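Notes follow once the structure below has been shown.
Here the chain labels run A, B and C in written order, and each chain numbers its own residues starting at 1.
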Amino acid sequence: MMRERHLNMIILALLVLVPAYALWADEPFTITLATRAVIFALAGVGLNLALGQGGLVSFGHAAYFGMGGYAMGILASHAQSYTPIMESPFLIEGTNSMPVIWLVAIITSALLALLIGALSLRTSGVYFIMVTLAFGQMFYYFTISWPAYGGEDGLSIYVRNQFPGLNTLDPIQFYGICFVILCLVLFLVNRLNKSPFGLALMGAHQNEERAVTVGINVNRLRLVAFVISGAITGLAGALFADLNRFVSPTMFSWQISGEIMIFIILGGVARLFGPVVGAALFILLEHVLGGLSEYWFVYLGAILLFVVLFAKGGIIGQLSKKESGHEG
Amino acid sequence: MISMNGKAALKTLGAATAMALALASAAVADGHSKVKVGLITTLTGGGAGLGVDIRDGFLLGVKQAGDGGIEVVVEDDQRKPDVAVKVADKLLQSDKVDIMTGLVFSNLALAVAPATTAQGKFYISPNAGPAQLAGRGCHENYFNVAWQNDGPHEAAGATANKMGMKKAFIFAPNYPAGQDALNGFKRTFEGEIETEIFTKLGQTDYAAEIAQMRASDADGIFFFAPGGMGISFLKQYADSGIDLPLVGPAFSFDQTILPAVGDAAEGVLNTAQWAPDLDNDASRAFVESFKAEYGRIPSIYAQQGFDTALLIASAAAKADVKDTDAFRDALRAADFTSTRGDFRFGNNQHPIQDFWVRKVVKDGDIYTNTAVEIAIEDRQDVYAAECKLEW
Amino acid sequence: MDLLLLIEQILNGLQFGVMLFLMAAGLTLIFGVMGLINLAHGSLFMIGAFAAAAVAGWTGSFLLALIASLAAAAMVGALVEITVIRRLYDREHLDQVLATFALILIFSEGTRWIFGSFPLFLDIPAWLKGTISLPGGIQYSLYRLTIIGIGLVVAVGLFLLISKTRVGMRIRAGENDREMIGALGVDISALYTLVFALGAALAGLSGALVGAIQSVEVGMGEPVLILAFVVIVIGGIGSIKGALAGAILVGLTDTLGRTLLPVIFGAFMEPSAATTVGSALASMLIYILMAGVLIFRPTGLFGRA
């Protein structure tokens, strides 16, 4: 059996080779699928920081995913119609520049995570799962019934936003952007996990009492992790909106929160590449099974069930035959 | 009996595809390239019944049209906009379809249609007709064969006038289609609005609203509650003992849900562009063949899917789909015999058509709708004026 | 709004709450005894409704349909407990959430496979149709009153079961100390199967009762499931008393919010904006309530720390 690090290298190589092959074989849809997988992986990497390292089972990460999506949708729709977002007390214009949108998505979802996290972290266990779900639902119903930005109809952005020097409408170039972001975030998260902060977070997950006795402010530690986690998922939401050129309240739905969790479980909880493998596998299953039968959800459910019951540590855990994901 | 639907549909799907493929070669010999249609619709989850009917109606139409050389690729959208966008990308990029169709829900159509037309392909809507795509956002490659969303509600307003309704209690779910529904009704209704309520999307308990109806001075109720919401409301209303007359668009009285509502719907007036017993040859033939093929009465969704297929076939017989301009002209001519009788496109490529008042009746053991009279004649949507298309 | 209408709306809120209680009771019982989060509880609700619709269709008897809903949900519940759920008791909540999420997918599409894509018919029996006059002249649906009655009977029954019977004693013992009860020679796995089947049967029963006035369709379980979770979290997970209090609180908040908020906003906004804003806020209200309760009482109203 191989080391997890080698396995991670293979996964990265596949993420380069598959789209490269698709480009060569002129199959743009494969690139679109790969982009989808990479963006979902990014959302999963965000949640994994809270859920895997921190042990904070958030069932409401769709809130940040949607927040990122709407950051893109609102900015880009105003740029599209040449109307300012607000004029007083100071002028805010829309934009179609990706870097600006990403920044706004990260900041708004981080702020949202700060608010939700500060309130939710007063609870723990099942209560935490459910209160995060409740916050997600609040945003879902709010966006459906709030008419200013399309309500349930959502917002269509007709042209993908711009990135200096690139043609973002070209599938492979957009894939490149998403892939580079994923790699950067993976690198940063890996550094974070190995830093004193990451070790303390993991320590507090494994033994809260001990962490408290050595003088760690567990609550603040978790809040910081939760905020970073939300910001990463928000960034993924902005990219997802740009992939579809469309945002809608379904980005806030509890099923999205569930799916992001599924990526992590499929791949392996608290493993750096867990969400990457999980998201890729999910997209692959959706594509292959969806073509087989109208009732493909039955098979998807059976596979998920099997992984949860019998494949502890997810796919990566099985392949590297190492049960705990606690070592980098 | 119901469990047979899935299998029967799949079998038909296979048969229709095989037939389409066989016909395709003939069509190519004829000089036209074959038309490849991507049909995205809701086939899993709660809204699946509507998608299944659109698909079945469409495939029946393709089969009967015969010589058009139409190939159909069917995909499921799970009623999720992002999945709809994904399968649309697949159909456009991988299957390289010429025409897209099939979406049931407006919010999904709004995600897919602009992307499709932007890539120079046609989107022909068999159901959803959001205002955005009918007015300023109209597009030369976007057609709607069903109606603009407001149509059935405007017809309901006209029907309420004929019923002598003076003070209406109106409600709809709080989302864009619901807001449009109330606006559509108010556009034609001449009486006064006694109470106006927005319910929660997906709401299943209407006790609170029913209590308000009982307490109100209204002399009639207009409501828009598609799918399961309509089933819930009608059953609860029937049990409430209130006997104010109801009127609404056909979505709450359709063949897909009437069996589940039962006698709670009997006698209620509702509005649509078509009814199963409409008095014309095309409609009679369609209903007979649909029953023979699938063993059930077609819904308006099936009828719209069927008409969509006929429209595409009529254009394919006239023009090569690769010649976008010629094909668009052929679509605009709408040179097919619609099951609803007179049919033509307005400048925004939405139908100008009659809307019927229908009444829910019991025919043997089966609940169905019978056409009563025309509610509004030759109706064109109000957004057409904002559309800058000229042809 | 006059007083009579307000009283009727309070009654409606109460009835909605009792309906939620039937669903939430099983959920909270299963959590309290086995420590399991069961997202598939909504599927058992759906199975109850479909079984009732099928049996009512064959026999025409509503009572038989209710019995069928209890039996079908209990049987499916026991079966799932033995094959799947049992392996999840020692797992983290995360695994439980995922495994039962997978069960939702299987049950939903499986049901559609068997019954087709169209909603089924289930109606109120003739002897429960119509309204009766309450003091003060309120016309109220007999069927809805019956639901309130059944819910209260179930609540009392559960209290008695848990506080007075041998099984209840074991359940309480199991809640407090799982190893202890095993050491006392109680067949713990049989007890767990029993509790799970009981919870499932309650979900099935509420599915059938609700199915008669709502739509029997695939996916009907999930919205109710989320509401039921809100209920038990507000009430304190594991507490039957909490589930009852939470259910009635949620039922009243939702019903009164829906009717009163647009009126309140109408006092200082133009009518159509008030309707939109009021309805939007009403649809978020129970989640705001839940967040509020948890912030001040992190383990719910009746939960143990």
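FYI, contacts are C-beta pairs under 8 Å (C-beta built on N, C-alpha and C of every residue); 3 or more make two chains touch, one makes a residue touch a chain.
Bear in mind that the values here come from a model prediction, so they are computed numbers and not experimental data.
The chain pair A-B and the chain pair B-C differ in C-beta contact count, and the higher one is B-C. Ranking all chains by how far their C-alpha centres lie from the centre of chain A, first place goes to B. Note on chain placement: the centre of chain A and the centre of chain C lie 32 Å apart, centres being C-alpha means. Mean C-alpha positions place chain B and chain C at a centre distance of 35 Å. Residues of chain C found to touch two or more other chains are 108-109, 112-113, 276, 279-280, 283.
Contact of a single residue of chain A with at least two other chains is seen at positions 141, 144-145, 147, 295-297.
Residue positions 6, 43-44, 174, 179, 198, 200-201 of chain B each touch two or more of the other chains. Looking at the complex, you find that chain A touches chain B at residues 27-30, 32-33, 36, 141, 144-145, 147, 150-154, 156, 158, 171, 240, 244-246, 248, 250-251, 255, 290, 294-297.
Within the complex, the chain B residues that touch chain C are 2-6, 43-46, 48-49, 51-52, 174, 179, 196-202, 204-205, 207-209, 211-212, 214-215, 227-229, 231-232, 235-236, 239-241, 256-257, 259-264. Interface of chain A with chain C (complex): residues 51, 57, 59, 119-120, 122-127, 129-131, 133-135, 137-138, 141-142, 144-147, 254, 258, 261-262, 265, 269, 295-298, 300-302, 304-305, 308-309.
Remark: chain B residues 6, 10, 43-44, 75-76, 80-82, 85-86, 89-90, 93-94, 106-107, 110-111, 114-115, 118, 130, 132, 174-177, 179, 198, 200-201 touch chain A in the complex.
Across the interface of their complex, chain A is touched by residues 31, 37, 84, 87-88, 92-95, 97-99, 101-106, 108-110, 112-113, 226, 229-230, 233, 237, 276, 279-280, 283-284, 287-288, 290-291, 294-295, 298-300, 303 of chain C.
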